[in-house]
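For reference, the structure I am asking about is given below.
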């Protein structure tokens, strides 16, 4: 009999109410189980969403979990909510976001040095879009504000964690990096 | 000039333009032919100007940087030029990497197709802060922000960066500087523009600014190239 | 094959993403069905939630529908949310609070100038946490609202009064003093 509430349903309740990503430890604490059991519990929930006729899915972001809709439901949601799909980012925004993603936390000054052009307004617009955020001040002269990427950034690029950021692959560079390819043969 | 078919607005900045020129003319990024690069770069700047495009100041700063590298390489001791060239190459390689990474990241773009929920508002959610901190945290944060900034009158990040990085001096700032000197119609000795200016990039910027102003007809040099006067506006 | 997305899953997606109640007609329009079919579609969803081991339920309000958690999950949700409230102040919040503390009363505009970035939402969250409060309008152009710290702020930092605010780096004070005098010799 389903009198007893299952852990996976409890996890579902927490993730639903929180909306934002919830760390493994917080789920564990609320359920009264060790941290290491959380991924198994969430996996059950994930399976239910996969099997059943459900529009939901579990997002695994860094060390946290979040409830979201399956990608294929985006059109019907947009129709109902009358929202537009996020526009693809301009090259300038992509470059800036990439520099932030691979070097975070970084100051606006650092980004400007890499890109060779003032990028302050682009950083601000990435913050407005929720793709980047402040990350305290950096311990370099002038103590500039550092920027890092957000959970939305991970979601928008279908990443589970920053470790999944693609390695800029050598083929892309071959036109410019002639003769340097051997250096990339570093054993991991 | 017809052979230069630049799409002028597509470059993200001077580095983007340089990378374009390097790949177009098959230059070796690890040992750039500065003369050729400079020539092509200036051609671009000219084309942009003919089309009345507003170029960001950074494009002119880069011109100054290239001119400097070329000029310094003609000196008997070209070590300085070598170093400046290596710095530029390093900057370009770093930027090329960032561009490659950006292109790859873009392939993962799925926009905001996954929807999430806003957090549920619990009745007592706006609760008073319960943690305790040492008052030293306030002092530390104060220091982090910096005393000047705390008064709300700093000096943007950009200025701080300029101070800490000793960047190339902008040509535009020198253009303004020169025009100010000439404002009331006096003539000014060219040499006086360099008085007290020991920083090399500032000297290069001054030189380029004079060039720029004479070329565009805003100022005139006397025959000996020693004195500057401002050109009176003529009715056309 | 369950390739075809069912109406009930589409309704679930809409209700999940909306968060708030969604009118029958809006759902009908997005699904491309007549209004009267919506209650049947939602009933299917409701049944799935009832049968499966789910923490969710459908709430029917007037002429609208909303997705929520089942009553019995309230305690576990509350436990999980409580732990979130224990989050210490972010760097950005600490910085904003410091600016308010040493300059009060200050406007949001002043804080933005000092930090170099819009800080309005951070100020609001400090007010929510009871660490800062409004202090009337300030006598500067535009008469913006001023903010000051609260008694709770004093308690949190173990201070008896604002006069006890620590003096930042007294050692460096003398050099800064001389440096400043010369810098101010700028004609206004």
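So that you can tell them apart, the chains are marked A, B and C in the order they are listed, and the count of residues begins at 1 in each.
One rule holds in what follows: a contact is a pair of C-beta atoms (placed from the backbone, for glycine too) under 8 Å apart; a residue touches a chain by one contact, two chains touch by 3 or more.
Model, not experiment: these values are computed from the prediction.
> If I average the Cα coordinates per chain and compare with the overall Cα mean, which chain comes out closest?
A
> Of all the other chains, whose mean CA position lies farthest from chain B?
Between chain B and every other chain, the largest centroid distance is to C.
> Just give me the whole-number Å value for how far the CA centre of chain A lies from that of chain B.
Whole-Å distance between the two chain centres: 32.
> How many Å are there between the centre of chain B and the centre of chain C, using C-alpha atoms for each centre?
Centre-to-centre distance between chain B and chain C: 38 Å.
> Could you please state the distance in Å, as a whole number, between where the Cα atoms of chain A are centred and where those of chain C are centred?
Here the centre of chain C sits 20 Å away from the centre of chain A.
> At least two partner chains per residue is the criterion; list those residues in chain A.
As it turns out, chain A has residues touching two or more other chains at 16-19, 67, 69-70, 73, 77, 137, 145.
> Where does chain B touch two or more other chains at once, residue-wise?
As it turns out, chain B has residues touching two or more other chains at 115-118, 120, 144-145, 157.
> Residue numbers of chain B touching chain A in their complex, please.
For this pair, the touching residues of chain B are 12-16, 19, 22-23, 28-30, 56, 58, 62, 91, 93-120, 144-146, 157-158, 160-161, 163-165.
> So in the complex, which bits of chain B are touching chain C?
Contacts found on chain B: 115-118, 120, 122, 125-145, 147, 149-154, 156-157.
> Using the touch definition up top, name the residues of chain C that touch chain B in the complex.
For this pair, the touching residues of chain C are 13, 16-17, 19, 69, 77-78, 81, 85-86, 88-89, 94-95, 97-99, 101-103, 110, 113-116, 128-131, 152, 156-159, 164-169, 176.
> Give every residue of chain C touching chain A within the complex, in rising order.
Contact set of chain C toward chain A: 2, 5-6, 8-10, 12-14, 16-19, 22, 26-27, 29-31, 48, 52-56, 67, 69-70, 72-73, 76-77, 79-81, 83-84, 90-92, 95, 115-117.
> Quick check on the complex: what are the chain A residues that touch chain B?
16-20, 57, 59, 66-71, 73-74, 77, 85-89, 91-92, 94-95, 97-99, 101-102, 107-109, 112-118, 120, 137, 140-145, 152, 155-159, 165-166, 168-169, 172-173, 175-180
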